[in-house]
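Structures given as structure tokens follow.
In the two complexes below, subunit A is the common chain; its partner is subunit B in one and subunit C in the other.
On to the complex of A and B.
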């Protein structure tokens, strides 16, 4: 296992190299140009509804300082992680079972293939009817959004395991348990973490829409509420917060994946 | 399946080097295709789906899976009326309503309103998809072709990309005129980013030797574009298009639910408001069919355009 302080994050040489690379500065120039064009457009009087970057820089700290802003983060994160956690556990269990049993796979896979193209949000009304609380409804929607990507990637990971490894293990007299632990799990892990990173991005997307349509708190609701009160700064802050939250979660997933599969580059 | 995983990786924005690495892995996998295919058939994998489906045992198990699902649905909602499940429409109710000439809640395969919702949704998805592709592929080629262009513009793309399309809904409704434009805008956003990203990866996946060969043979820049870059990036572009089609339907439903006045997403949410429960499920099934059919159409088109590719690929 790589230790945190051995990683690139804490390496002075790594950071000084990055600071000297032209790529970083070209990228920064691009972003600065983006904001400059936006600001100039506002000075010229175009896009009068959209606040200018300077107005945003002034207004956003005020919005953040309002009570309840961080509570929205907590509320949305809780929904995301509850749905995601249940989806991850059940998709991994079902995926492994399907990967090991031909019959189970033949029975379940077509059914899942039919359900998968139904967009997660289309489940919203049924979920509202079925689950007693809105909290459960939203957790269920995030579950639906996360389940299929994780399942597909678990299956792909199991399929990718080189059959020669399996044969080698069997001819060396490996037990079924060891086959699972030593061959299947390490073989499927990289693909599993790809699935987890995709899925957590989707759960953020789903939770936002669910909160907009039926929530009373959370980042999605905050954005929707800002829309109702015509607070453009609130809307932009909501969008930024949601983007940041989704990105942070995906990064975290990928980071955990790198630690769990150190042999992958 | 492998290419798909790679591009899903791409869709989440993994570092380019890791993606190229897994592409190399995919080539490696093709060499072993015969061996692995045998293993897969024994293991009953999803690949070689058509061939497998034709063999009767998997067909039987698949049918069994559906039957169990439908019977469980029927038992839970209709016969046993389990707590909570009795709020849901039963399959019998849904299908009799869907196929009825005089539906109680006004939506069935015989009512024009059903096809109006379908047409409205399809028009939005295809319009958004067309805009996303027409803007996304050229931008992706530029970003993949020119280092400087990439370094300068890609961070802006990366800045906007993490914001989920549905978080744009309030913004889009305030900024854009009418009812139709915000919904189309929200629908095209995710498709646009998926197309751009996969096109960039497609250009990057082209072997450098082809560029060297092209310049040795005195190709002009236009020749390089049409004969090297476009065909070389096509496999990735088409996987991108498949992802784009999927996310278009996803965002469309959200957009229509929150801001629409028509379309299948609106049909579902309106059915909920009016307590016309079978219509919810009819809408969901219709969305599933349309989503699946449009992705399959793109896959088919991609396979036809890339006949040289399909031999190496074992997914259909």
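On to the complex of A and C.
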């Protein structure tokens, strides 16, 4: 097992290699070009309604300094992680049970197939009526958004475990418990992490929409509230913050995935 | 691994075994038809047949992954009924668990048999060194070459001291040079352990070079065409491939195989 301290994150050599890699600089060049084009467009008088990058650079620190900005991060993150966490645990448990028992799978799968295409936000009216607080409503929607992608990937992961591994394990005298813990679980792990990475992205989409619709705080609410108060800088800052939050979560997921499956390069 | 552990038993009898698959529709595909042969205890018996004749199916039946439609497989008189640690298969493509290091892979069998993890890993490390994988104990299977994977997998099978080793075209896909080296290496291991082995291949030279007995299969419907005793002395080396005995056996086997291969060539459907 790779330990935390041995991992790339803490390796000086790794980061210095990163800094010298052209990919990093190409990426930065792309971002810089994007803002440059935006700025030039504003100078030319186009897109007058949108603040220019320079205006943003001036205005954003002030917005961030306001009380409540960081609290919005915390509020949104909390909803994401509560919904995502409950979804992950329940989807893994149900997915594993369905993966192990064909009967259970046959019983549950059609039901889920009907529920799955319903977009998380279509649950909003029902959720508002059902849950006593808007906090619970929002956590529930993120749960719905994360649950199905994780479940499907757990199932796919279990199905994809090569039969030869199961056969070899049986020949080597595996008990049922060992077959599960040492063959099926690690075999399904890469697929599980694919599901988790997809799910965390969806949870951010859902939580933002839910906050706009029924929240009183959070990054989504902040963006919407900025619109109501005609704060262009606030709108763009909200969007940037959401983007960064989603990106950070995806990175984190990928990093945890790499540590959990060290055999995958 | 205790050296020269003259493994007790391992006498395998394949008794009038037939296997029928029901493919799409009501078509029945007869893969094996009334096959009978024996793998004497302590022998290296090679199952030789053209590609697609059902050799791998035979391995699955003996391993217990599948049940014969007709007939019976017996190991030391006991009918085979499902997979068991007394029969180990080394597969065509590697079946090393990708999520375990080589050492963990090799130690897996002993740990499942109840051995303490530390002791099992020590034993696994020692065995890996004897198959020339010293220094690779903590690598994952995807980090080593195909030839190394084969050796690690043979080690994983050897360590459990099965009564019967089943090797299903284990060196297929290796380049010519590695294949020759693996064959020599494998023979050395066999001479040390004398574990009853059924080695499956479609390569005639490989078959004769390794075998005590050759069981030659026909192409569909697959039956045992003939059994040839290979009376080349052990230990063997590649010089023997030019001996008169070798030439005689090869001619005999080639005659049979050529006709079967021709049949296979004429009626091969999409499946290889």
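Going forward, the second predicted complex is superposed on the first by the 240 of 265 C-alpha atoms of A that agree within 3 Å, B and C clash if a C-alpha of one lies under 4 Å from a C-alpha of the other, contacts with A are read in each partner's own complex, and residues count from 1 in each chain.
Following the convention adopted for this analysis, a residue touches a chain if its C-beta (ideal position, glycine included) is under 8 Å from a C-beta of that chain, and two chains touch if they have at least 3 such contacts.
Just so it is clear, the structure is predicted and the values come from calculations on it, not from any experiment.
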Residues of subunit A touched, compared between subunit B and subunit C (which is higher): B
First (subunit B), second (subunit C), both or neither touched by A:261: second
Subunit B versus subunit C as contact partner of A:174, first or second or both or neither: second
First, second, both or neither for A:186, with subunit B first and subunit C second: second
Touched partner set for A:149, first subunit B, second subunit C, both or neither: first
Partner chain in contact with A:165 - subunit B first, subunit C second, else both or neither: second
Shared subunit A contacts, counted only where both subunit B and subunit C touch the same residue: 162, 164, 265
Contact set on subunit C toward subunit A in their complex: 63, 65, 82-85, 87-89, 91, 93, 95, 97-100, 108-109, 112-113, 140-142, 156, 160
In the complex with subunit A, residue positions of subunit B that touch it: 1-2, 4-5, 8-9, 11-14, 17-18, 21, 29, 32, 35-36, 39-40, 42-47, 57-58, 61-62, 64-66, 68-69, 84-85, 87-88, 148, 151-156, 159, 162-171, 173-175, 246, 249-250, 252-254, 257-258, 264-265, 268-269, 271-272, 277, 280-281, 283-285, 287-289, 291-292, 295
List of subunit A residues in touch with subunit B within their complex: 22-23, 26-31, 33-34, 47, 49-50, 99, 102-103, 105-111, 114-115, 117-126, 128-132, 149, 153, 155-156, 159-160, 162-164, 191, 194-195, 197-198, 201, 204-205, 208-209, 212-213, 220, 223-224, 226-227, 230, 232, 235-236, 238-240, 242-244, 246-247, 250, 254, 264-265
Contact set on subunit A toward subunit C in their complex: 162, 164-165, 167-175, 178, 182-183, 186-187, 189, 261-263, 265
